[in-house]
Every structure is written in C-alpha cells, then in structure tokens.
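What follows is chain A paired twice: with chain B in the first complex and chain C in the second.
== the complex of A and B ==
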C-alpha cells in the first residue's frame, strides 16, 4: 500500500536491544493491509518469530502498536495493543495481546510512530527515550528495583511534564508472567510486563509534538465526530440510563450510565452536582462513574472526577479520594482505575465487613490499586484472586504449601476481610517471594503445573470462572449465550471481546434489540434475552463473527472495544439505531483512502485470521476444534439442575454448542471438522502466503496428517 | 532597535516595562475618556499617529468574550485541544492547540520536579494525575492593554478581531520570530512548526470549538473580564520591543512633566 496523507503517523520504530540498533520502516508500505495495533503485532510475529519461541526468549518480540484513529478526536480512541508470545498462555505459550489505554497511543503518534517493535535483549537495564524523531536507549540502572510510579516519575523528571511513561514494576523485572506494563498511572496491559523484564527494558518514555493529519475535509470530519458523540451512551456503550427519568423512554438498572441528575462528585472541591439534560453532549463525562457502578452509591461522595484515555469523553477511570486510607494504611488518598483494576484489592476477599460495597471494600480497593499498579501485578481478569480463594478455601493450599510458609501468611486477616492482608500477599506475588509468590505470579497454568493440579479441578468449578489455557471467561454465556461461548473459545488468553456484550447489555428492551439485530445481522434471532436463551442459529454465528472481526478492527485502529462498536444509540428519534459503518467512515476521512464497511471488515477478518494462523503454527496442530476451541465443563452444568434454554438458566447445551461451532466455522470459511481456515479463505483475505506456509507444515485442512 | 540611538535603549525598555501594569483594565475608549484632555492635546502627544494607519497599533480594544475554564470539572480528556486543532487546522495536534491541557495533565504547574506526588500526603499541593487530580486548563486571557503578545510583535501581526475583539494572529503578517511566544506570561502562544507561524486563541470567531467539545461543561464562553491578575504564570516574559513599538508606547507614556496637568 502507498503512504496515506493522514491517519497514520507513517513510521514504525524498531529497537534491537541486543545491538542497540534503532531503525524505522514505513508503516503503510509494510503493514497497511493489517492497519496497525494487533494486526501489525500479529504480522511481525508471523514473519519474525518462529514457532516454539518462548515468551522470555530473546528471540521473542514485543510489539507496541496503535492505529490510524489514535491521537485524533475520534471518541473512544487511545488504545495501544501490546502483542507478543503471551507468557500466561498454558500449557504452550502462544500469540496474545495486552491492551492499554491512557496517553501512550496519542503521544506515540504525535512523536511520529504508529508502533514500536522491541527485539533482542539488552545486557543491562535500559529505558527507551523517544522525543519526536530523537530516540535513545538510556540506562535504567537507577530505576531497576523500583515500582512503576517511582520509575515513571524519575523518567518524567528527565523528560519533562508532558511525557508519557509506560513502565514495568518489580513483577515485570522478575519475569513474572502475571505482570503488567502501565502508563498514565492506571492504564495497563496485562501479561506482557515480564516480556519487557526479560529484555531488560524497564520503560518507554514518549514525548511528541507533531500532528496526526486528517486527510479529508475538516468540516466533514467535525460533523462525523459530532455525530459519533451523539450516538454514545455510557461506559460499555450502555445506551439507556440506570435510573428512571422523564428524559428517557427506557432505563435499565444494569446499565453503567449511572450519572443521575442530583448525584455529585462529592470529593471535588467544591462538589460538582450533576444537573441538566442527561443527553447533553457537554455532560457525557458525568454519565459514567465506575466507582459508583462497582462499589455502590456510597462511592459518589468519594468521587473527585472521571479520568481516562486521550480523547475519550466516557472517563471510565474514576478518580476517588478516600482520606481514611492515608491515616490507616499510610497510602495516597487519591487513586483511579476501572473495573477489575479498581476492584483488584477487593477481589481477594470472599467476605468483607460491611459487605462488598462497604467501607472495608472501598479501602481494599484503594490498597489494591496502590500496590498492584505500582508493583505491576496483573490480575488476569480476576483469576489471580479467584485462584487464591479456591486454593485457600478448598484446603489445597494447606496441603501444597510448606507449613512454615503457610503459617507466615496472615490468614486471619484474609478471613476477616482486613484490607491490611493485601500488604502481605501482593508484595509476595509482585516480588515473587516464597513458593506462594512464585506460584501465583505464574498465573493459573503455572499453578496447575507446579502443584500437579488437574486443569479439570478448575474447569468443573463455575466459581473459578476458569475457561481454558490458563485464563478465565470474559463475557461468555452469562452475557450472551452461544455467541459468548464461541467468542471465548477463540483466543489464547481471556477473549477481551466486547462487541457482543456491549450490544446485549446495552439496556434497551429485547424487542428494540431484535429490531436492530434484524438490520445489522439479518435476523431478530441473532440476539436472545440475557439468561433466556434459545437454541443456536446461523444468525448468532454471524454475530459472533462480526463481533470478533470488530474487536480486531478496533484493536488495530486504536479504538476501544470496551466502548465499541456503536450499532445502538440512546436516540429515540433514530429508533435507537447507531451506525455500523462508523469505523470505515472515520478511516476513510482520516487516511484519505476510501474503504467501505465491507472492505474495512475484511481487513479485520484478515487480522483475526492471522491470529488463527499464528495459533495453528504455534500449536503445530491442525485440529483446533478438538485441541484449542474448548469450553469448560461448568458451562454445561446448572447448580440447581435447570435445563438448557429454561428461563433464567445460563448453562448451555453441549450438542447445541457443537452445532454452534459448526455454524461459526462455516460463516468464517473454516473447515468444519478442524476449525482451521481453508486455502480459499486465506486467498480471499490476501493471505495466500500465510496459507502456503501452513500448507507446507500440514496445517491446512484436507492435508493428510 | 539597534538604530540611531543605541544609548536610549535601556530607557526605552524601562519605559515599556513601566507601562505594563498601567491602565491595565482600561479599554482604549476608557483610556481616551479618562485622559479627559482635548483631542488636540492628544494629537500633540502623537496618540493619533499611534492609532493611525501605518503606525504600530499598541492599544487594542478589550475583547468582548473569553473562554472561562473551571478546573474542578476538567476530566483531562483533551477533547478541547483536539477540537481546536482538528476543526480549525485539519490535524490533531495538542502542541498546536490554543487551549492547553496536555502540559497540566500529569503534574500541574509544579512539574515532575516540584515535589511530592502524594496527593495530600506529603502535602506539596502537586496537581494533575500525580497529585490531587486537578487539571488547571491554560486559556488565553485575551489581555487588556497592554496586550503582551501584540505589543511584542514587531510586525504588528496580532490585532483585535473586529467581531469579537479576540487578539488574533494575522498569518500573512506573522514572520515566525516567536517573540510573542516569549511575551505571554501564561505561555498561551502556540507555534505552528509546519507553517512557521505563531498561533493563538482567536475564539473561533465567536463560537469556540473547545467550549462546544468539552464533555464535562468545564469551559464556558462568557463576557470578557480581566483575568490577568489570576492564575499562575508559566514563564517570565521577555520584554523585547521593536523600536517602532517602543516609540509608539512612549507617545502616550510620556514623562510626567510633559503630561497636561490633571484638573
């Protein structure tokens, strides 16, 4: 592809830590057909990292890649995909991506780079300095051993106030598979911190003063951005409020649009009352309050404001101020994060005095954020905490761990729900101290191996939410029946896909959702009510395909799949329709290269198929259906014995899911027996060379084994 | 300024500096009324020449409106910066933005070397993400006379927009010398490296894009008032005046003995 007059910054930075060589290559020419983000990461791994390379081998590469729309004013951009051979993927390490928001993506674009490919291994700890075209490796000797905050501050001192720093903490330095890299205080990419540590790369600091150019007419660009803003809902694109109001036809208590007029950011000085019209575009930032959504209405009085990624009006990283933790635990009273990051500390406990939304819960969250986001420990979507609960409460830990170490852990505090417990357990994990710290920092798969626990033990227990390959479910059957199950079979970590759940959980009545589904996926039967599932049909398979393609598209354009896609809206006058072609319209205007919805979706499918090809090659196994696309037993069981498709049951039926996989493989153009893409599919997506390579390895269906 | 009277230079600078802070809140109209002297005596002082065609325009009418920013509502999303540059310049570039968020986002004016980042712990009062969470937006005050950026411009390229009174850069006149950038105490002049021109808030001709873009209602477009005594400055302005400008200043700011006696 030829260079475009806008959207892309134009260059990919390549840093060889073994030799210190720093070079650049042309983004569009080399990676244009896979856009950026995960697409660019998968392409680099496909071309440059042979199968069998382990996560911490110097031959593994680490690709920080953003996309065309990052750094622009397109709402909900700001994402960076970090793609590598994923350390927590078990029993064999395969391709995977962590994703981070914050200010990193925009700054990298302004510095002139769409991506950074990190390769090799430095002899000594270094950090990467990027100030526009000036790129240097600097010594990190003074930073090694420090937490993420200390490292980020000292690099900021060296670079200036307007830099962004993505750093690892002690966990990453010590090659913990359960380690993050984080920027802008709270925005982290999970699982990849140890890969940075293995390369002796402490951090990347970026300052950028350049521009992301918009190739198209600026008036049209402005119009499209305003349109996009008009169809936004709250966090996760929930398009109706959680509260009844005369301003809205519908409401849904499960919605993350919690900013009801009359609520206040109680810890702002002076407090900010939420007033006015909830649809007002100058009020979008008040719709979402993650602290209030997860911790209950008491969190409103601790709310300072919303925060989040560059250009995102949703602000899902709520800034909270809890003065009591300063005196009680000697930690900062201001913290911020969202979802599992916000709940990091609370999630360790089975019980807390005052319940899961009480004061102790809030304090546990504060202590958790304080420790985990500094040590750089990953939660694997809460699996870390669920693993500890299962190990402890099932009595496994007592039998596995040496008596002295077991006795050294303040289990009384754990059982009592005392947040002070976190000061013991989190440093153990982050600094990999003792057997328990070592084991938990490896992730669930490492735990199975180390203590010879059969995977079944987890996969049969619904409470673990464990799915496969060392990772948990992420919006599966509890949200979206067969669609959720299919999506959860596809990745080598938790699936990180929200295209499907953001629609079914958007809060609109099922009748409205079905009307929209008919327009977008061709049939009202593409969607069921949550917990009121009907047997599988091909429309659901199409929606699963669409969801996965859009996820990869967002991850490759720098957009947030926690917010997109935007096929529903809060607008009654539009019949609650969103816009299915938004991404392609933005792409076309930004780059000046006109791609319609189908063409851009094809790029998304190409990217997803590249991920599939990498998985095939990494496993050396063509029958992904039997060996990879697995569903844990608990999905097919109901604790009270309810039958599949009975109202209120989320359990699935095994034969029905098997039929679902058939239909999914078919709509993907994959072989039904093995779930492997056919040569025709590779060719259709412009991946003939990939197909040919796999054919030579006997990893294309139809080949004699 | 190296012309015929180099020995007068310090005096010129002294006079120019003493002018700063005088009659700060007066519009040109107010200045004329307050002077309360006959037009003839003004003419004798050369003010008419200062205001006339060809001569450097030193005194600008007050702006009619300004952008008012409330830090306690700012959510740090930079949508204002992006609206400013995308909708006006067709590119996303916070460094070019005429409203400044990026520089205040992480640490506030104290910067990363400014001390504790512990919120209230350690109590240094650091702002931004690393401090108490507060983001203090940088906005152009559309200064009253003497307008530092306009006064500093040797090309007289910064003038009052006839519709809004905003102090705007005339790109045709701007030669890219960056003196205006050094003159603004609040660091509100941007420099477009691509075009080699200075750029500043021009209130988007009365419909500021940033105000419209703020998802938290933290920005308002309100009738002008003098904000030059409020907020932290970010730099010590460089007091360099072109000889012609300085001469024009001195035509009003005359030695007391030459002034017509009040009453």
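== the complex of A and C ==
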C-alpha cells in the first residue's frame, strides 16, 4: 500500500520504557495494509511479541492505535484500540484489545501520530508527554498512588488545558488484571490498565496542534459526512424512536432513542427542553440519554447534558447531577458515563430499595462511577459484579474467605442494597486489599484458579452470563441466536461486537429488517425475530462473518462499533436503508486510495485473521474449534425445558450450533475440522508470511501434529 | 404508477371546471391545496376536505365562500384540539377500517360551500398527489395528511384519539402484528396517547367485555410490569418472552 496524502497522520511513535529511547516509524509503509487500531496492534504483537509472553512481562507490548478516520469530521470517529497480551484471558493469556473513546485518538493524530507502541519497563514511574513532535518521559513519582482524576488534573495543569490525558488509577498501578486506562475522565479501555502499571507508565498526556488531511475532494467529503449524519439514529444506531412521533412511521419502546420533544435536561443550568424536529441533523445529540434509558424516567431531571467522543453527535456519555449524593456520601454530585460504566455501582446489587430504576439505584450508579472511574477498576462487562453475586449468594465466599475477612465486609449493606457498600468493596478491589480484593481484581479466571472453582460452575449457570476464557457473553443468543453465539466464540475476551446487535435491536419491524437483510446478506433468512429462531443457514453465517469483519474494520479505522455499522437508517424515503459502503467511501476520500466495499472488507478480514493467527500461535494449538471456539452449557439449556426453535426460547441446539460453526468456518475460508485458516486463506489476504510461520509451527490445518 | 398518478390533477377536474379554469389557475389551486394539507400536518392535525376548501377560499383562490355553513372552519385551523380533524365530530362511531385510502362520501354542507368548485374536483386533485395520503377517519370523512410531516402511524393515532377503545385495540394489534411485540401499558399514558391510568383501565375493561376485542389481552412480567398484546398475532408464551426481554433491555447494555 503506497503512502497516501490523507487520513493517516503518518508516524507511529515507539517508546521503549526500559531504555528511554523514543523513535518513530512510517505508518503507511509498515502498517498501511492493516489500517490502524487493532490491525496495527495485532501486527505489532505478531512481529514483536513471541508466544508465551505474559501480560505483565516487560517483553509484552502495549499498542495505543487510532485509525485512518480518527480525528476527521466523520461521525463517531473517536476510538483508540489498546492492544496487548490481555491479562484477564484465562487460563492462558492471549491477544486482546481494550477500546476507548473520548478525545485521545483525535489529539494523538493532531500531534502527528497514528499510534504509540509502548515497550519495556521503566525503572521508576513515568508518564509520557507528547506535544506535537516533542515527546518526553517525565517522572510520575508525584502521581503514583493517585486516582485517575487527580492524575489527569495534575498533568492537565502541567501541559495546558487543551491536552488529553489517558491515565491509570491505583488498580493499574497494583497490576490488577481488572484495571482500566481512561482518557477524558470517563472513556476507558478495560483490562489494559495493569499492563500500563507493569511498565510503570502512569499516564499519557497529548497535545496536538496539527490536523488530519483529507486527500479527496472537500465538497464530496462534506457531502458524505452530511449523508452519514442523515442516516444516524440514536445510541447504538437504534433508528426508531422510543415514542410515536409525526416524523416516523415506526416507534419502539425499547429503543435507546429516547429524546422526545418536551423532555427536559432538568439539571442543566438553565434546564434545556428538547424542542423541534428530532430528525433535524442539528438535533441528533438530543436523541440519546443513557441515564434515562438505563435508569428510567426519573433520570431526566438529573440530566445535565450528553457528552461523548470527538465528532460524535450521539453523546452517549450522559452527564448527570445528583446533589443528594454530595451530602449523603461526600462525593462529587456530577458524574458521566454510559452503559456498564454508568451502571457500575448498580450492577453489584441483586436488589435495591425502589428497584433497579429507583433512587438507590441512581445513587449506586453515582457512587460506582465516583470510585471505579478513579481507582481505575474494570467491570469486565458486568462480570465482576455477577461474580461477587454468585460467590456471595451461593455461599462460596463464606467457605473460601477467611472468617475474619468475611466478617469485616458489610454484607448487611450489600443485602439491603445500600450504595455505601461500594465504599468498602471497590477500594478492596482497586487497591487489591485482602484476599477478596486480590481475587476479584484478577478477573473471573483468576478466581477459578485461586479458589479451585471448576469453570463449569459458572458455565452451567445462566445467571452468570459467563462465556469462556474468563469473560462473559456480549450480545449472544439472547439477542441474535446463532449469529450471536458464533461471534461470542471468536475472541479471547468478551466479543465487544455490535455489528449484529445494533441491527437486530434497531427497532424496525421484522419485515423491514428482513428486507434489508436480503439486500445486505443475500436472504431475509439471515435474520430471525428475537426468540423465534430458525435452524442455522449459510446466510446467518455470512452475517456473522460480516459482523466480525466490520467490527475489526471499525476498530482499525477509529470508528465506533458501538454506534455502527450503518446498514439501517431512520429514513423512510430510503426504505430505511443505511449504507453498507460508507466506510469504504470515507476511507477512499480520506486517503485518496480508492477502495470499494469488498476491498476494504478484505482489509477487515485480514485484520480479523491476524487475530486468529495470534490466537493459534499463542495457544500452540491448531484445533481452535475444540479448544477455543467454545459455547457454555447454559446456552443449550432452557429453565422451563423449552425445545430449541420453539417460540420464546433463546436456548440453542448443540447440533445446530455445530452446523453453524461448519458454515461459519466455510465462509471464512477456514478448515471445518479445526477452525484454523488455510494456507489459501492466508495467501488470499496477503498474509502468506503469517501462514508460513504457522505452518512451521504445525498450526496450519492438514499438518501432522 | 396508479391511475390517479397517471391521470394527473388536471384530468381529475370535471369537464365544466376544467373549462372554467386556466392551466395556471389549476396549478395554483393544486399548490394551495397541497399546502393546506401540509400546513395541517405541520401542526400535527389531519385535514378534511372542508378545511382545504376553506383554506383555498381564505387564500383568495375562488373568492369567499357564499353561505358558509354554520360551524364550518374559517381558516383558523390551529384552534382545533390535537388529533381532531376539522369538521370531525369529537365522538367517533363505528370501527376503523384498516388500510383504506379511498375517499368517503362528501358531506353535503361541504358541497354547498363553494359552488364554483365541486368538492369532488378538489378530492380528485388531492388524491392525485403522490406526497399526500388520505384515509377514512373514524367519523367517516376522508382526511388528508402529508406523510413526510405526519406519518401514517401517527395520523392513525390522532384519528383514533377520540375513541380510546379503538385507539388501544388497533395500536396493540399493530404492534403485535408488525414488529412483533407486546407493548407496556404505560405507553398509553405518554404522548401522543395521553390517557390517564384510570382511562386506560376503563378501556381495558371495556375491551375485555367486548366480543370483538377478545384478542386483546395482557401478560405480566415477573417484576410485575403489564404488557398488552393481541392473540391474533402473538402466542401467549411468545408474548410473555418478549415482554420479559423488553423489560430486561435496560439491564443488558
């Protein structure tokens, strides 16, 4: 791939913490074929981190990589992938990525860098100062021991207000596998904070005064951005509002597009009332209110505004103000986050006074954000909280934990649903205090090992939502039948894929979804009604493949796979079609290198296959089908004994899923028996060298073991 | 292309009127009629033929109407309550006829309003507009709207607001049929439905007692939330599953 005049900033920054050496290399020349983001991270790990290196080994590398479209005007472009040997992957640490939004990606590119490769280990705590081409390692002695907020503030004061800081808290410093790095205070990448801590890297502060150049015609560029805005829905590309409105034929009470005219951001000063046409492109930011969606009607009066990432009009990080928590708990009355971050505190509790959308739930969310976003504790997509519930309510903790420590924990508050319980449990985890803090900070796999709990105990219990390798399901059969199951088998952590779930949850009637499915994936049978699943077919396999490829594409372009892809839209005049070629059109205009949809998808497939190759090499096992692509038992069971494919059952049929894996491997060009890519597939994707390396290791199908 | 589209507005005019109108006048009339419907849609209202005629008269297209019937609109359309079309009685009688787009018989007083402009001529003009839609309201009159400003779904809701029983039954059926899903009972408390819990309760009791609405029923989630659905389109077990799923969405980020 030749150097291009646009999109890429052009340089990758390499920082060796062991030697203090700082260098740069050309992005396009070395990494152009994998675009950036996870693609760049996988490539670095493939070339530079030998199999068997542990997460906290100095030989492990940590790659902060944005993408071609980050820092441009493309909507939803604020993503940074943080790729490394993932510490919570169990029982063997393998490749994985955390993903953060915020303003870090754009600032890094404005400073002239597409990515930062962090390697080695500093002898003393440091933070990385980046002001355009000026890059320095500075002492973090005064920051060590502080939370993310304090560290970010101190560095901001040192650098200036226009910087962005990505920092770890005490959890990362303590090498907790369950640690985050967060930029812009609430935008976190899970699971990688401990790797930063292991390298004695407290934070990265970035200031950039440059810009991202666009190679193509500026008029075309702006026209395409306007078009993209026109096909946006609300949060997670829910293209149907949650309420009937004159502007829309459809509505869906379950939609995350909750911003209805007449609603008020009641805690704004002065309060803001949502007015006007909700389809107006200048009013997109009013559509989403994560707090109201997750916490109910009452959250509107606590809403200050929506916050979010660079160039993203969705604003999914809702800023909420709850004055009562300042007096009651002595914490800040303002907090912001979305999804599991927003619900961090609430999710610990099985029961809360007033229910899961009541005042106690709101306060638990505020306390949770206050603590977790400062200590830098990761929730592993809610698995941390479910683990504690399982341990406690199944009586495991009482038998596993020393009596004195058990007695020291205010379980009465836990059972009563008192948010004050979080002031005990979260610092234990973040600071790794006591046996419970140590264990929970390791993640689910860590607790299996530490307490000799068979993985089966979790994998057979639907309530745990545990999937495999220490991680939970992430939009699996409950949302999307076989497609969701296949996607959840593929990664070394929770799949974090939204390509499929954003489509099935978009709110359009099933007939419209099926019409779009026929156009995009070749058959209306590529999509089922939720809980009305039909046996596996090849169109579902193609959709699973498309979903995964688009996820990697987004992660590598700097786009948000929580918001995209955009194959459906709110536009009746388009028959509710979005645009399946949006990414390639943006890529072509940004870089000046024309790639059609198929060609760019091939890059996404290359990146996904690189992840597969890293997994093969890391496991030293060719039979990923049997050893890696696993589905937990609970997926095949129904509490009421309902048969597979009966209406209202989400349970899957084991033989059908096996057929599904056959079909998925086939559409991927992987060996059906082992689920490993063939030499032909590596060659087709420009990964001959990768295939050759794996062949030498006897990790290509057909080789004698 | 349907017959009306192929014929075009001019062909819809009667011979006598065509002779009386120039092409320019016809174009202006058509434009003004469309705008009258769009104006009503913009304000969240359905337009009757009488309202459109009145708007044309108010716009000076054919001079002031002579002998305007008592109680007929005078162009001040904004005074009507939301959801009630001009000239439409507040209490609807008779069931909705789902899916109809045909014109209903014109009211005699409408016909006498502007003797120089036969209402059927105007109806023909409006029917020929691809960007406008019409349906027979619960009152029996044909009502018009611009779907890009006032969607078909919303238009039906507005039309049925005067008859909460029909409103709930048809909305529940449509949700069960199209998406498919049961709907939370609280849906009908929020705009544009705007019913009180007491009103909803009364409607549900009436539906339960009405042989024509025996398909309308409910399921209660383990957390106690009530979801309404139609057994014509959703099996009970599946509706219960979908209700639980809907309730769980805010716990499944």
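One rule holds in what follows: the second predicted complex is superposed on the first by the 705 of 705 C-alpha atoms of A that agree within 3 Å, B and C clash if a C-alpha of one lies under 4 Å from a C-alpha of the other, contacts with A are read in each partner's own complex, and residues count from 1 in each chain.
Keep this in mind: contacts are C-beta pairs under 8 Å (C-beta built on N, C-alpha and C of every residue); 3 or more make two chains touch, one makes a residue touch a chain.
For clarity, every value in this text was computed on a predicted model and none was experimentally measured.
In the superposition on chain A, A:262 makes contact with chain C only, while chain B stays out of contact range.
Taking chain B and chain C in turn and counting the residues of chain A each one touches, the greater count comes from B. Of the two partner chains, neither chain B nor chain C is touched by A:454. By the touch criterion defined above, A:395 reaches neither chain B nor chain C. Of the two partner chains placed by superposition, only chain B is touched by A:310; chain C is not. Judged by the touch definition given at the top, the superposed model places A:641 against neither chain B nor chain C.
Of the two partner chains placed by superposition, A:50 touches none, neither chain B nor chain C. Note: no residue of chain A belongs to the chain B contact set and to the chain C contact set alike, using the contact criterion stated above. Taken together, the chain A residues at the contact with chain C in this complex read 243-254, 260, 262, 293-296, 338-340, 343, 355-357, 382, 478-479, 505, 509-511, 529-532, 572-573, 647-649.
Touching chain A in their complex are the following residues of chain C: 41, 44, 147-154, 157, 178-181, 183-184, 187, 190-193, 223, 235, 237-238, 240-242, 245-246, 249-253. By the touch rule above, chain B contacts chain A in their complex via residues 72-79, 82-83, 85-96, 102-107, 111-113, 117-121, 129-133, 193-194, 212-217. For chain A in complex with chain B, the residues that touch the partner chain are 6, 71-73, 103, 106, 110, 149, 153, 156-157, 160-162, 184-185, 208-214, 218, 221-222, 225, 229, 268-270, 272, 280-286, 304-313, 315, 319, 321, 323, 326, 330-334, 336.
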